[in-house]
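First chain written, first letter: the chains are A, B, C and D, and each begins at residue 1.
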Amino acid sequence: MAKIKVGVAGYGTIGQRLADGVAMQGDMELVGIADLAPTLAIQALRENDMIGANGVKYDLYLVGGANEADFAAHDIPVAGTFEDLCKKVDVMLDSSPGGVGAKNKELYEKLGVKAIFQGGEKNSVADVFFHGYANYEKGLGADYLKLTSCNTTGLIRTVDCLDRAFGVERVAITIIRRVADPGDYHRGLTNALQMDKAPSHQAVDLMTIMPHVEATGILVHTPVTHGHIITVLVSAKDGKKITKEAALEAFQAHPRIRVVTIDEGFKGNASLFKYARDLGNRRGDMYEIGLWADSIVETGNDIMFAINIPQESVTIPETIDGIRATMKMQLTREEGTAETNKYLKIGRFKK
Amino acid sequence: MAKIKVGVAGYGTIGQRLADGVAMQGDMELVGIADLAPTLAIQALRENDMIGANGVKYDLYLVGGANEADFAAHDIPVAGTFEDLCKKVDVMLDSSPGGVGAKNKELYEKLGVKAIFQGGEKNSVADVFFHGYANYEKGLGADYLKLTSCNTTGLIRTVDCLDRAFGVERVAITIIRRVADPGDYHRGLTNALQMDKAPSHQAVDLMTIMPHVEATGILVHTPVTHGHIITVLVSAKDGKKITKEAALEAFQAHPRIRVVTIDEGFKGNASLFKYARDLGNRRGDMYEIGLWADSIVETGNDIMFAINIPQESVTIPETIDGIRATMKMQLTREEGTAETNKYLKIGRFKK
Amino acid sequence: MAKIKVGVAGYGTIGQRLADGVAMQGDMELVGIADLAPTLAIQALRENDMIGANGVKYDLYLVGGANEADFAAHDIPVAGTFEDLCKKVDVMLDSSPGGVGAKNKELYEKLGVKAIFQGGEKNSVADVFFHGYANYEKGLGADYLKLTSCNTTGLIRTVDCLDRAFGVERVAITIIRRVADPGDYHRGLTNALQMDKAPSHQAVDLMTIMPHVEATGILVHTPVTHGHIITVLVSAKDGKKITKEAALEAFQAHPRIRVVTIDEGFKGNASLFKYARDLGNRRGDMYEIGLWADSIVETGNDIMFAINIPQESVTIPETIDGIRATMKMQLTREEGTAETNKYLKIGRFKK
Amino acid sequence: MAKIKVGVAGYGTIGQRLADGVAMQGDMELVGIADLAPTLAIQALRENDMIGANGVKYDLYLVGGANEADFAAHDIPVAGTFEDLCKKVDVMLDSSPGGVGAKNKELYEKLGVKAIFQGGEKNSVADVFFHGYANYEKGLGADYLKLTSCNTTGLIRTVDCLDRAFGVERVAITIIRRVADPGDYHRGLTNALQMDKAPSHQAVDLMTIMPHVEATGILVHTPVTHGHIITVLVSAKDGKKITKEAALEAFQAHPRIRVVTIDEGFKGNASLFKYARDLGNRRGDMYEIGLWADSIVETGNDIMFAINIPQESVTIPETIDGIRATMKMQLTREEGTAETNKYLKIGRFKK
């Protein structure tokens, strides 16, 4: 069977990882990446002779406004224009800066190319606001998907997991947000916690994906770079009780949730980042969210727990799921996510 | 009427502020402070000719094991021994390092001196686990009180406030904890969030003070020094609804809760610290907790909100309340806390 | 003798402290402060019934573009316009945002008011680039002075001190810069050190104030808020040797240099901030720089040492010196700085 | 030719990277690693079926005191005891916790195994205090080497580089030290800079390796995790001038110095960490130090510049050099370092 042809627009923090994720899929071909300037990310690719993940060559295409001479000055080979790339692909993963994706969509529509947008775009850019585990089937055959943002993606993994096991009615979250990514110099916070107005958009987004759930929450920015932590309070439907044991069993069965404990050494978000580096994972990334078994507490009939969101890489699997849905590569959530997991080696740590 | 005579054992972060708080009470006399070594805190006092808050002279007494020569080397005058101090006071505020208070208690018992311990001691050291607003009357005439810790003290102000207004049944908290005080070099965290095992002791302590409430929570340490932030989810008794407006009205009427908004510039914990400095408050301290009006959200019939805990100074008013209770200076919660507030100038910012 | 009348334009981090500094001078009168909006700093003043340092009332004047209704909404009394204020003063301390001072100067010139600008303005705004200890006499009677910035002010204290004792030829500095002030949310850095292009402007500024010295240096931003640390390598003229003992003696005799050691507990910049708070200094400020005796090392004939710069308050004394110079209140550096020190209680800690 | 057989004692931050470095050498065989407990690092290896860098299987041996049952509980295969490992190797890389290496040495001596210790051990543990570029020949055939620590290793690369080009007489450094590694929870610093007593041990160590150079320096700890920054002031012999251009040319020719600029996006230590991740380097590591071209300034005849030290991985190449020297695999510094560089792919980025 012919491989699905995929392009990536925007080779930033997310775009690099989307390209890597596609390069690892046995049933997909990474046709190329597109960007505007010879950023350090592209210079790093050049230093590797344009070879990315899995030994795959990443051909570079230039978006409108790019200056070819700048790339030539860095001896970076260019394969063509963004339009050239679009013409060669079945689906484009658009991780351009917020708002640019909406403009790119005009070209996608003109050329009849499907596209999957990241969380920075408005919901209206897409036909379906998508999450691989929560609403895979809604994305089947759709032309334009938008992925949930990093926190929402990880959060929904757990809420959807409990929902399928017990039926969820209400969710209240506190997001302890990392304020910048490692290497960010354009944003930062120094010795301060910063409030956002409530409710947080992640709670609102969760309700869009899972309309039968009522969700609210408060977000506080913290001066760290390795992974958000979210505390989640979940109430089941009809006042049904969720026990700690039952919740833990459900979480442990989920391929994209890595259940950890403080005792074994996972003391916080930085432990998970270190562990991903020790695993030798490319870029020190982790696709799974962490969930602390020793954070789970019961309150009345409800359950409360804490999760870790590796913000740079967590949306990659669900975006790959999106390709599978939009291209109808697999027709069910179970089959689609299983294929993604297989190629990304997700879930192999499960006992 | 004769002033109540008070001593302070341990002149550290809390002890300095307890001494200042007592020095500001018109109906109390700070007889002296006691410590072990000529710490920087005591050297600072010496640089001010032993004059502390409100122009009051702080006489220094030495606890057992102290080396007088060390104090002489710094030209620090000594007024006597810890036992000398104990003999002169009606009540001792014990802010010694954790565990030392329990030992000191033997002396207090021998001399018939009342004492109020801070959060570092075990509950068993005291007859009453005390909070000025939640259980003032329990402390009336008691010989030994133990104060709630900083987070619990601030948290209970809000829960007790809602409880008196609406009746509270259940509380779920997420504590975003500052990991060190400004100037701490013996503990710290760098670019990491750190998990504690759940439930947090603050939730457990709340239940000890307010046994009719069920509480649980998760605590995450963050690398900042200015003020904890706690998100609080409160459920009223019998499924009664608490509206945002009603909650806000109750909070605004509480003298020790400072309702603020992000829009006016209170962006986080560091804004409140800066504001306290701009007020010219001694040591840049604040006695009130902050509560963000724009963090309050309703969920079902419940209410969720975020508060700021100024960890260095928040327990001072409730400890002063404790003196009033244990000495029966005022016989009701309303009168006792009102006197404390008057002398500490708490609540004058209320419109 | 009539007091010198002083106004302060811009009531931000520096302006608040300038106002406090003037309010503490027995031979000066703080006529008023001017600002644009009811900031938190002004709301804090309002909460204190407009009473600032030393029991002095701070009258508020509005700069052009201010909306009186905004002030009325916060119940903040207004005394008049910025021009009203200018007409009443002998000298204006201009701590407006960078660039605004240059515009204000037109008004100062029109009204014949002297002015002292802070480091954010271009050197060309002033007749003299001023430092109280290094070139007081240059400022005598001048109409417009510009103060050195915080790092340069503190650095020059030490270099001028050594220059007068030994004759300095060359200085090489490394500035370990705090990236934000406590409470800043508009700038920050998270888990990163950030390079500036060399040479740092502070080295260049030093050469402007002390033209017989060759200076260079490198600046690195660090994610902390309490005080810059600078390492300074000083070479004497003609290859003359500076011993550690001689340097230490010179530093200890300087009123605005606080010689400290790691052993006594001054472990870093945060220790000095804590000590200032423990002193009960208003806003937790310190006018002296810290200098670590145990950082001083000899290398060849040169000397190397480390200092701490309390960035919020360090320029206040030298600005007050500037008033004395520009108004010819005292005609020599020794007399001028001594008066400033007396009223600010600087140097009383010296044995 | 038979491969040199190498073992690694201690599979922590350094030990993991030593094992990886050996696994990448075409002329060496990683016989195994040894450790005490099933740490997260070893659990990560287990999750990868004990496969490490370059597809090499890492056999695990247990040091004395290890509990086999603990490893069995994690399903971690064990190949034998530490003594078994020692008997199979030509040289042991000892990255045990400080002090343990000295004890291990008794076994090495008994079995006639050569060993290379890391910076945590005392100098007396070894015959030669070693640096691949500065004194390779001293290590030839020696039984016991001790590597310079991370800062000293990177620093000496630059000083040795200038020394060979111009002759160096004197060095003065300021070390802006990262206080913890990513994932460290046992040490940290929060919103504080921390002083060490001068002179720093790195300056002293430099003089041990390069006895003809006089060195001193000051070290300041900063709350970051990605790479130390050192400013270096170098004076040539006999007052000879070093120009910026000549220094830059020398640095650019050095395989283990990566010359970067702020303008191209290398804004600080975090940029270099990010770049290493973007390169896809295992664990996000970098073997080269960074040197900012736009930090280089001349002062008199001297030169000053800033470098970045990737603390987790910088000593790996020089340790591999040490194997080559102690085993006489290559007899000159040029040949030895060139082989190491070839297998670690160091220097390929040079134009």
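Note that in this section a residue touches a chain if its C-beta (ideal position, glycine included) is under 8 Å from a C-beta of that chain, and two chains touch if they have at least 3 such contacts.
Bear in mind that the values here come from a model prediction, so they are computed numbers and not experimental data.
Distance between Cα centroids is largest for the pairing of chain D with B.
Annotation: A-D is the more contact-rich of the chain pairs A-C and A-D, by number of C-beta pairs in contact. Distance from the chain A centre to the chain B centre is 43 Å, each centre being the mean of its Cα atoms.
If each chain is reduced to the centroid of its CA atoms, chain A and chain C end up 48 Å from each other. Here the CA centre of chain A is 35 Å from the CA centre of chain D.
Annotation for chain D: residues touching 2 or more other chains are 182-185, 190-192, 194, 223-226, 266-268, 270. Across the complex, chain D is touched by residues 16, 39-41, 43-45, 47-48, 52-53, 182-185, 190-191, 226, 264-268, 270-271, 273-275, 277-280, 282-284, 348-349 of chain A. The part of chain D that touches chain B in the complex is made up of residues 179-180, 182-185, 187-192, 194, 223-225. On the chain B side of its complex with chain A, the touching residues are 170, 172, 174, 176, 178, 191-199, 214-218, 220-227, 229, 231, 233, 262, 266-270, 292, 294-300, 302, 304-306.
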